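Look at the two complexes coming up: chain A is in both, with chain B in one and chain C in the other.
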Partner chain A sequence: MGLVRKPASAPPEEAVPEKPSVQTLLQQVHDDDPELRREAALSLVEVTEAVPVLLARVGVETEARVRDAVLTTLAAHDTATVAAGLAVHLASDEASLRTAVAEALATMPGSALDLMPDLLAAPDHDVRVMTAMILADLPHPDAKTWLLRMIADDPHPNVVTGAIDALLPAADAGDAPVLQAAVQRFPDDPFLRFTVQAALPRLTGTA
Partner chain B sequence: MTRVLVVDDAATVRLYHTSLLQEAGFEVAEAANGLEAVEAAMTTPFDLFVVDVNMPKMNGYACVETLRSETVGTAAPVLMISTEDRPGDADRAYQAGANLYMVKPVDAERLVRVATMLTSGKGPAA
Partner chain C sequence: MTSTSTGSALSDADFERFTEYFYKRTGIHFTSAKRYFVDKRIDTCIRNSSYETFLTWFAALRMADKTDMLQQVINELTVNETYFLREDYQFDAMLSTVLPATLAARGGVSRIVGPVKILSLPCSTGEEPYSIALRLLEEWEQIDHVDVEIHGADIDSEVLAKAAHASYGERSLQRVPKSWVNKYFTAVGAGRYQVDEGIRSAVTLHKMNICDTAAMKAFRDFDVIFCRNVLIYFDELSSRRAAENLYGALRPGGYLFLGHSESMSRISPIFTPTRLPEGIVYQRPTGAK
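Then we have the complex of A and B:
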């Protein structure tokens, strides 16, 4: 049987759902339905008054996809308030939270670098390792400067090796002395020595 | 030959662990995060997983839980290696299904010794 073209007719009028108000979205961020929470979080981008609510949600949200939505919206603000509010979670006992927060901070070139003095002085060396992860992906020309400072000054070898790993994609021959000095600071760390020895020929063109 | 999957987002760590294990005779593949590891494990049988904790996309704990789930269902031993040495980190690893938790940096000889032990004496050249 051949196809029969339907007679042209005006499309049925569809009721356009009314866009929820900001107040409604702020309430939906706490709804029992994770999909509603996620949609609300994504709809609150560019809504400054939502920042405190979303920051409070980061630490209590149990659904990864909702937390990712919250972090995406917060990272879009890229302000000092958001950066500081996220940074506290770098010390979280929950691995998924601290890595998700580090990923979010790495997308905030306008504010993440202002955290560096505090993060590099954090007494917990794991927080400083996470800081190297942030700097590795942060699209900012000063990120390399901070990594070099970590390599030169940080007292913990795991932080230094993390910073070296983050630096290497952007490293050049001029960075070789800093790497060599790190090996001398931690002569008993086999991984650090291996990392630098593997990298130096490429940097100095002696491979 | 005994197959090992090294899972770490840090390229230098992957290179280091891979070099040590290859020198000892293991066949080594690499994954840059938990998601890549799960995908690799679904297509290739491994005798040992060496897994970091802090990784993007899928962290180490979630990776190990997925490896142990019905989705992948591997019973191969898992060695978790991390910079994290807070109280409870090892417990979290064991809850996820890891067989052993070690804190970085791991001595070269110890890594090979533990890898050999975890592969049930199968050893690198088996």
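Then we have the complex of A and C:
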């Protein structure tokens, strides 16, 4: 007993198991074994023909860990097709699915921004709240511009508050007028007012 | 202006081309904030090559499948400075909570099947896996009753060679008690000490890219993984993939330690955060969903 080296008779760690064919992986995405589904989804990275199968899987997958693997592989494609295919789930009744999809879209700077005109016009304000979540983490210089637009124009106070929360880490003194205008637009919303009033001194250097 | 081996900086376009290529091959993303660092390291690579300009060097790197060239760039651009017993409150957590829980989950000392497996990824020049070995040998009372495998892995082949040699200077060893140095190291001259053969031979080293899902499938059933201060170098998507690969390398119920400034909550929801007296550790869930 004690510290032991991996036995010489055991297969070396570098001995990578032979990778199944794409066709096999596409079948394994639907296997009964969730760990097999998860590994298959991860192994389909950069396989373009797998995109429709994986997109279809997002809405029906019941295991969160498998769904996250599917989303990780899909997000790497960062195409308009994938972004649009994921965005439909932002209106899902399932909170964990909405959030998982928003997190995946936030890693897609090449395509997520193209969704913004439609997402900001979505009639369901919950979809617009999720859109603010996406913009909060999206590594793209235009994300802030879209957040400012939401704060200035969106008619729902929860959306505006969400956009303000998303903006604040990147906000500066130049954004103060937009925030103050939001308070004026929703004078009866104490939470929004508090959020802005708490942030303004830091932004304007009067803290 | 295009870089030459005389030390001039890369053009913005060249910097973008290179960082995009490097990201695709390794998952490591350098922003413009790291511009000076990247410029200097690439210049070193060009100077050490037979190419005179960035363009010819980069063309060779991309077109000719020069894995040795790529490895050299990886070696230059990955940060490897570390020391023994760094952030050792996490080793405290391993000894006081994680390993007892692991033994309990695996049936106890008398019924456990197979070794307890611990992975240090990235292991850099070996300080972390050897620190784990020292803490186990000196402070874990079950070490005489349980087999423990320690593995170290890194993307950088040069640091792995240094880890295998396991010779360290006094700065690297400053947190190691003198009695431990006397017990487990051999002076090899010029203020350097080599880890004794018994420990060196017990640590298995591997070259591994944490973002390479296919390669990472070789890592299975680890009880504990230390993956500290590396995810901060990755963008969101690479971090997610690394997290997925770490998940696959852990036994259900296994534990993952990240660096003190890192949080899995910003990367992936697939782990269960567990608050220990010494800080947060992440667990691969044992059940479904």
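Heads up, the rule we're going with is that the second predicted complex is superposed on the first by the 189 of 207 C-alpha atoms of A that agree within 3 Å, B and C clash if a C-alpha of one lies under 4 Å from a C-alpha of the other, contacts with A are read in each partner's own complex, and residues count from 1 in each chain.
Note that a residue touches a chain if its C-beta (ideal position, glycine included) is under 8 Å from a C-beta of that chain, and two chains touch if they have at least 3 such contacts.
Computed from a predicted structure; not experimentally measured.
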| item | value |
| --- | --- |
| Partner chain(s) touched by A:190 [first = chain B, second = chain C, both, neither] | first |
| Touching partner for A:34 - first (chain B), second (chain C), both, neither | second |
| Touched partner set for A:58, first chain B, second chain C, both or neither | neither |
| First, second, both or neither for A:98, with chain B first and chain C second | first |
| Chain B versus chain C as contact partner of A:90, first or second or both or neither | neither |
| Chain B versus chain C as contact partner of A:158, first or second or both or neither | first |
| First (chain B), second (chain C), both or neither touched by A:26 | neither |
| Touched partner set for A:82, first chain B, second chain C, both or neither | neither |
| Contacts of A:113 with chain B and chain C, given as first, second, both or neither | neither |
| Footprint overlap on chain A, comparing chain B with chain C | 103 |
| Touching residues on chain A, where the partner in the complex is chain C | 1-6, 12-17, 19, 34, 38-39, 42-43, 45, 62-65, 68-69, 72, 75-76, 100, 103, 106-107, 137, 139 |
| Footprint of chain B on chain A - complex, ascending | 93, 95-96, 98-99, 102-103, 125-126, 129-130, 133, 157-158, 161-162, 164-165, 168, 189-192, 194-195, 198-199 |
| Chain C to chain A touching residues, read off their complex | 115, 133, 136-137, 143-151, 198-199, 201-204, 206-207, 213-215, 217-219, 235-237, 240-241, 244-245, 247-248, 268-270, 285, 288-289 |
| Residues of chain B touching chain A in the complex | 9-13, 15-16, 19, 53-56, 59-62, 83-86, 88, 92, 104-108 |
